[in-house]
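As written, the chain order gives the labels A, B, C, D, E and F, with residue 1 at the start of each chain.
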Amino acid sequence: MRQDEMQTVMKKAEVLIEALPYIQRFNRKIIVIKYGGSAMLDENLKQEVIKDVTLLKLVGFKPIIVHGGGREISGWVKKAGMEPKFINGLRVTDKPTMDIAEMVLNKVNKSLVTMVERLGVKACGISGKDGNLLNVEKKYSDGKDIGFVGNVKNVDTKILHDLLDKDYLPIVCPIGMDDDYNTYNINADDAATAIAEALEADKLAFLSDTPGVLKDKDDPASLISELSVSEAKSLIEDGTIEGGMLPKVKSCISAIDNGVHRVHILDGRIEHCLLLEIFTNKGIGTAILSDNEERYDEQR
Amino acid sequence: MRQDEMQTVMKKAEVLIEALPYIQRFNRKIIVIKYGGSAMLDENLKQEVIKDVTLLKLVGFKPIIVHGGGREISGWVKKAGMEPKFINGLRVTDKPTMDIAEMVLNKVNKSLVTMVERLGVKACGISGKDGNLLNVEKKYSDGKDIGFVGNVKNVDTKILHDLLDKDYLPIVCPIGMDDDYNTYNINADDAATAIAEALEADKLAFLSDTPGVLKDKDDPASLISELSVSEAKSLIEDGTIEGGMLPKVKSCISAIDNGVHRVHILDGRIEHCLLLEIFTNKGIGTAILSDNEERYDEQR
Amino acid sequence: MRQDEMQTVMKKAEVLIEALPYIQRFNRKIIVIKYGGSAMLDENLKQEVIKDVTLLKLVGFKPIIVHGGGREISGWVKKAGMEPKFINGLRVTDKPTMDIAEMVLNKVNKSLVTMVERLGVKACGISGKDGNLLNVEKKYSDGKDIGFVGNVKNVDTKILHDLLDKDYLPIVCPIGMDDDYNTYNINADDAATAIAEALEADKLAFLSDTPGVLKDKDDPASLISELSVSEAKSLIEDGTIEGGMLPKVKSCISAIDNGVHRVHILDGRIEHCLLLEIFTNKGIGTAILSDNEERYDEQR
Amino acid sequence: MRQDEMQTVMKKAEVLIEALPYIQRFNRKIIVIKYGGSAMLDENLKQEVIKDVTLLKLVGFKPIIVHGGGREISGWVKKAGMEPKFINGLRVTDKPTMDIAEMVLNKVNKSLVTMVERLGVKACGISGKDGNLLNVEKKYSDGKDIGFVGNVKNVDTKILHDLLDKDYLPIVCPIGMDDDYNTYNINADDAATAIAEALEADKLAFLSDTPGVLKDKDDPASLISELSVSEAKSLIEDGTIEGGMLPKVKSCISAIDNGVHRVHILDGRIEHCLLLEIFTNKGIGTAILSDNEERYDEQR
Amino acid sequence: MRQDEMQTVMKKAEVLIEALPYIQRFNRKIIVIKYGGSAMLDENLKQEVIKDVTLLKLVGFKPIIVHGGGREISGWVKKAGMEPKFINGLRVTDKPTMDIAEMVLNKVNKSLVTMVERLGVKACGISGKDGNLLNVEKKYSDGKDIGFVGNVKNVDTKILHDLLDKDYLPIVCPIGMDDDYNTYNINADDAATAIAEALEADKLAFLSDTPGVLKDKDDPASLISELSVSEAKSLIEDGTIEGGMLPKVKSCISAIDNGVHRVHILDGRIEHCLLLEIFTNKGIGTAILSDNEERYDEQR
Amino acid sequence: MRQDEMQTVMKKAEVLIEALPYIQRFNRKIIVIKYGGSAMLDENLKQEVIKDVTLLKLVGFKPIIVHGGGREISGWVKKAGMEPKFINGLRVTDKPTMDIAEMVLNKVNKSLVTMVERLGVKACGISGKDGNLLNVEKKYSDGKDIGFVGNVKNVDTKILHDLLDKDYLPIVCPIGMDDDYNTYNINADDAATAIAEALEADKLAFLSDTPGVLKDKDDPASLISELSVSEAKSLIEDGTIEGGMLPKVKSCISAIDNGVHRVHILDGRIEHCLLLEIFTNKGIGTAILSDNEERYDEQR
């Protein structure tokens, strides 16, 4: 081996060694990953996300993917010649739309299964119907009926524990049933949060099209790396956190309050954002943690 | 209770008691049920079939459902404005058709999960992609390329054993992957047969739109109740078994040759055909069994 | 199959389907059955009772039989040329009588084992001596010494859990030992109640020669189908429940108070009374339940 | 402690230490003990036998007792006013006799259970009916029907393994059932041999009223300590082994041929004969072993 | 066998039988044995101690040996040409001394392993470093630095439970690590006490060069056989317990207060002192027990 | 994060991803690492080796370390004022030398345990005496007695399986016992080879002071990356492999012949040589493999 080749591989070894304390800390810990947005549209990014999650599995984590359906649903609704209906500017999920949404979400689900299996890891794709995982109640938008959209009322974690037990990577699509066994669509962020809470997961990570929480929403350089629950509440009160970030941060706070140790808002558009957040001492998104938990800087 | 009421309930008790030896004989035995045809179209029949399978599960069997997609696939192909292509009179499953087929089959899959869960039994719906259950190779029709239609090359039974272990009723849709992880449609009869063989299931039951094997195909009264493998071969040779029944009976023979104890061809249009075949001493379809296995008449 | 034959088997299937929710509800639940009276004398009834219990076992219940010795004991006492002694009108169980009682009870025990084994189900017959199951103290009748008759002081449930674990149907004869390891006879109702309480069984069923609790003890039509604990206490206070029914109902109340969910007083002279009570929506005896438990009518 | 007291306890310690290699060698090995004859009649001897077996259990062996009914059966037959019948000088076990034999054997069985439980060890008394342990066929004596006397045809060892698993000392009374579930008496030596063979027990010990195999049957000092199978066969051929010892030695040979490592014929009238045979280097009965097994002298 | 031989073996059997209740009482109980002093120097005594402990293991106890290094450490320190340093009359364990101490203790450890293995029992020798068993903090003597001598701060019992689970006899040398993973020597009495407390062992036995607690320290005949915690405290207060016995008795009291049932101070110079204390009704050392525990006399 | 920082972390992620297939391939595989030479002398290298092995453990391998004692033994022999004896130029391991060797090896053993524990991974240091792991016979050098040096005769793998089961990293020092339980030193290469063979380890890696097998022993650039068993034999025959490399390569051949999949000769002086060999597609030592195994180039 030439001297320069040697230096290259040596650096590789050092990276692996650097990952050691992180691998150790999260050994056999559950991490729920909400996977959606651009990271699902770009075929290359998709490959990388799946590789990252598979790596987490192989080095000892217990990851669970909860995915959305992205723009594919809208595409198929159009293909089927259906006209989207809106109430208060919100799309209404009537029965025919729900049918298509379920079909598309399950197709996306199995395509993720395929990608994981291709990497030699056993995966099992389920919806919230399997094992009665996600029990929902109808959700209203300011009192308006927006169709088959549900809030998670109860999570029966048995099927997830069973699949983890048998060493599968569970991949969940956010569909649930109400008490009368009707089918409902669930917001993927909500489903992931409910599942992470029910499992008291060690981590919950949102992969979305946002760099994280910004002090100045127009300046990506103003990213806040870590946020305690009380800091997050202050930022909500003073209006810094608003718009689409508001429900996401509220989910984070709820998760922390319900036993999840740390929640990450990551920019899914950055390759390997998941690995970078977990395995390096410079996270690239925003981590939300409880007020009395140790900060990254102290830990790392 | 009035005398007549009493007599009614007494008769009920006797039926339960009559079922006792059958329950006993098949305790913890695997039964693979291919579910398709009319029994999937009529909502009432669907309910009854699911009730039957759930009962089998509750009294100690280990049933596995393998289902088809029925006419729903064609419906959605049309809805999506696609033009079916044919080669040699056979529909070609090109990539867009495969996409729709996968979506529809998964939707059907989850609707069956819902029905089982509603009856209070844990179900898990999977496709042949999950846990890499069904590995296929491209199938040709007389040398012609008919698209993404596959023959089962290998069955990785781990996921089925895992789900049975954890007490789920597995519901399988007949989609598989080739060695390059492309998606293929599989004939549901073939998928069920391959799975039953790989598991060396005790029973394999086909629920289809046929009364069973007839001596005279135009006379339903000529139903043959039991058929040994060698008898079946004779009937194939002399042309009695032909047409659509031919591949079905060949599947039966293959299943028996590969360790399945008994295969049943049942008329899914008859309510409770499954229970009737298993729990009464007068089967209502055709049972195929190996040459040296005891006949029903002797057993019952 | 002829049309009428078909109708017959179809009805059978419906009965099985009707049993489904009951099978489901009691899956893996423990039911202690006190078996005595006429149901033990008539050879045909005996067969039917054992079939019923075996069916309960096969469809997923965990039944335990506690039996009496019926009139056989008296018969053998006479055969051995012994003269029964009485105090206050009560038979005295002196040592020689106890010897015969133990022999007869064990013989009855093994005859029940035989009947269950003949149906292909594993049974194990034990007395309260095995695994030190029933620890007793001497019982007095109004202060009079009536010999080796005991009250259950402690139940060591290990042997029952062990046998259920290994999938046996335990059959128990009501003999116990005091702290000095002397042998005592126990009233079968008392033994069954003590065992059901110690196991916090889901159900306790008394099969005896009584239709159940009657409003008017001379009118069998006045049977009370369901009785809450407080209703039962009222009926005791106002004298409706009296005589031989009094200790039985007191046992029922004690069982409910100690964690048994529901107690049934059944007429063992009616064929399949056990199945009828459990699997149909019209029970044929009296069920005692706690004040805040849901009534049958609501459940069924 | 005085000097002499000290010496006494010191000697005790040495005895325990001396037992160490034997305890080690037989750790978790199954030993089937046929218990009958005088050792069952004398109350003191009975206590000592049970203590010995319990000690074996506590130091790690897995003992199983198979007992006879001794003279108690005859006593009760007389008590019941029955007249024994004989054919060819052999008592005939008609149905009423069988009933009494079963009652008496079960009573003896439970009295042994009591003695073991009193020593703080869990016992479970079963007959060959429980778990269908002993399946028999009718035995004839020189072609004559001698009633319900059976030869063991099959041993279903599941119940013994289950009880040993759960840490019980199984106590078996030699009653079995034929294929039609009729009750049969079995010679206790035969039952013990059949069980030891089916379990491939490490040891089988007969506690009977005989010092062992004698070279000169009239001289107790001519006891043969060890006998290989081929030596035993020679002694049978040359007539040294005859009379009541003949079937016993034949059982021993059969046991060795079927996988039992060593069979002991012990004089049950000698206190602690079992412990002495196992824990000291001077056995006090006759040991039968296979031709190629190491002799005691070499082992000890 | 001659009459006198017979009597000898008979007595042996009686000794074994006499041990029965003790074997029973301590079945699967953990006993921590601190092994040091003369019992480690005399090769014959060493053999006997190991035989005793091995016997305890074989008859069902779960013994754990914690040993000291005796005079071997000093010997090797001299051999290495090092000059012992003293502060306040106490030897200082500087780094080179610690190195030698660790080497010697591990050598002693493995020599004990050898002796146990030679008796056919699986042993595993560990130090407090393995599995991070013993976590210590620096110990000071009246404020003076005496080098690498530690107090046990925390016991991670996992490795002991794991070894007992897998049926090893764990042999522990009293070396631990502080939070910075420096190596420390620990007093063997302290290590044994800490381990017994952490395991809530049934028994803790000190084998040392002392007959036990004496009323009059100059009169061996004044040995106190049993001492409750409050009695021990009184004897400390009134000065009866003093000198080297003081810390030992304080350890005993601490052990009892932390869940150990009974602590024994034994004279390791007496052969089989361990067996004698446990298996005879006349202990030969001092037993410390909690105020409300039953006395020996009552138990035995 | 600045652009350049980002690039750095991104590269790190890619290295981790690149490791994925290797992690996958060796998941739960046993790798025996012989650790000796310079890599044990340099404190920094030691840290790095231990980090590498710990990483292997954390990502799913089951590593076992077998270590030598390096030059520490000679140092202590001198310290103790002993004069080394030689026969045929070979050092003789007399009893006093063996004593010191054992002490030093155990000290080294525990220092490795400390290093692993410090990284948060459970380790257990054992010698070949524990669990009777290494049974040896005396080794002679050309017929000359060289003292307590042994060849491995038998490996009792139970203790290694037990420790791996309970999730420890076993660290073994190469000391064994002969049939008379005398202590012997074993060459660390031999011990590692014997252990790898007995476990049929997936990999055996020698970390020594050699770059691997060279075509021209004076030219480090002539390193042979892969060598089949038959190629290795040719190189032995033609004299290319000679000197100190000869026994090492013979060990490799023996290991492959006995079921080890691949043996690696690595230069322990290169940092992370272990990780580099396993996780990169350019190994840095020589790999020996069976003739019919796939080459690296094909696999990677």
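In the analysis below, a residue touches a chain if its C-beta (ideal position, glycine included) is under 8 Å from a C-beta of that chain, and two chains touch if they have at least 3 such contacts.
Everything numeric here is computed off the predicted structure, so don't read it as measured data.
Set against the Cα centre of chain C, the chain with the most distant centre is F. Mean C-alpha positions place chain A and chain C at a centre distance of 55 Å. Rounded to whole angstrom units, the spacing between the C-alpha centres of chain D and chain E is 43. Looking at chain A, no residue sits in touch with two or more other chains.
Begin at chain D, move on to chain E, and keep following the contacts round; the order you get is D, E, F, A, B, C. Taken together, the chain C residues at the contact with chain B in this complex read 1, 5-6, 9-21, 23-24, 27, 48, 51-52, 54-55, 58-60, 119-121, 271-272, 275-276, 279-280, 282, 284.
Per the touch definition, chain A reaches chain B in the complex via residues 76, 79-81, 99, 102-104, 106-107, 109-110, 113-114, 117-118, 122-127, 129-132, 158-159, 162, 165-166, 168, 175, 177, 181, 183.
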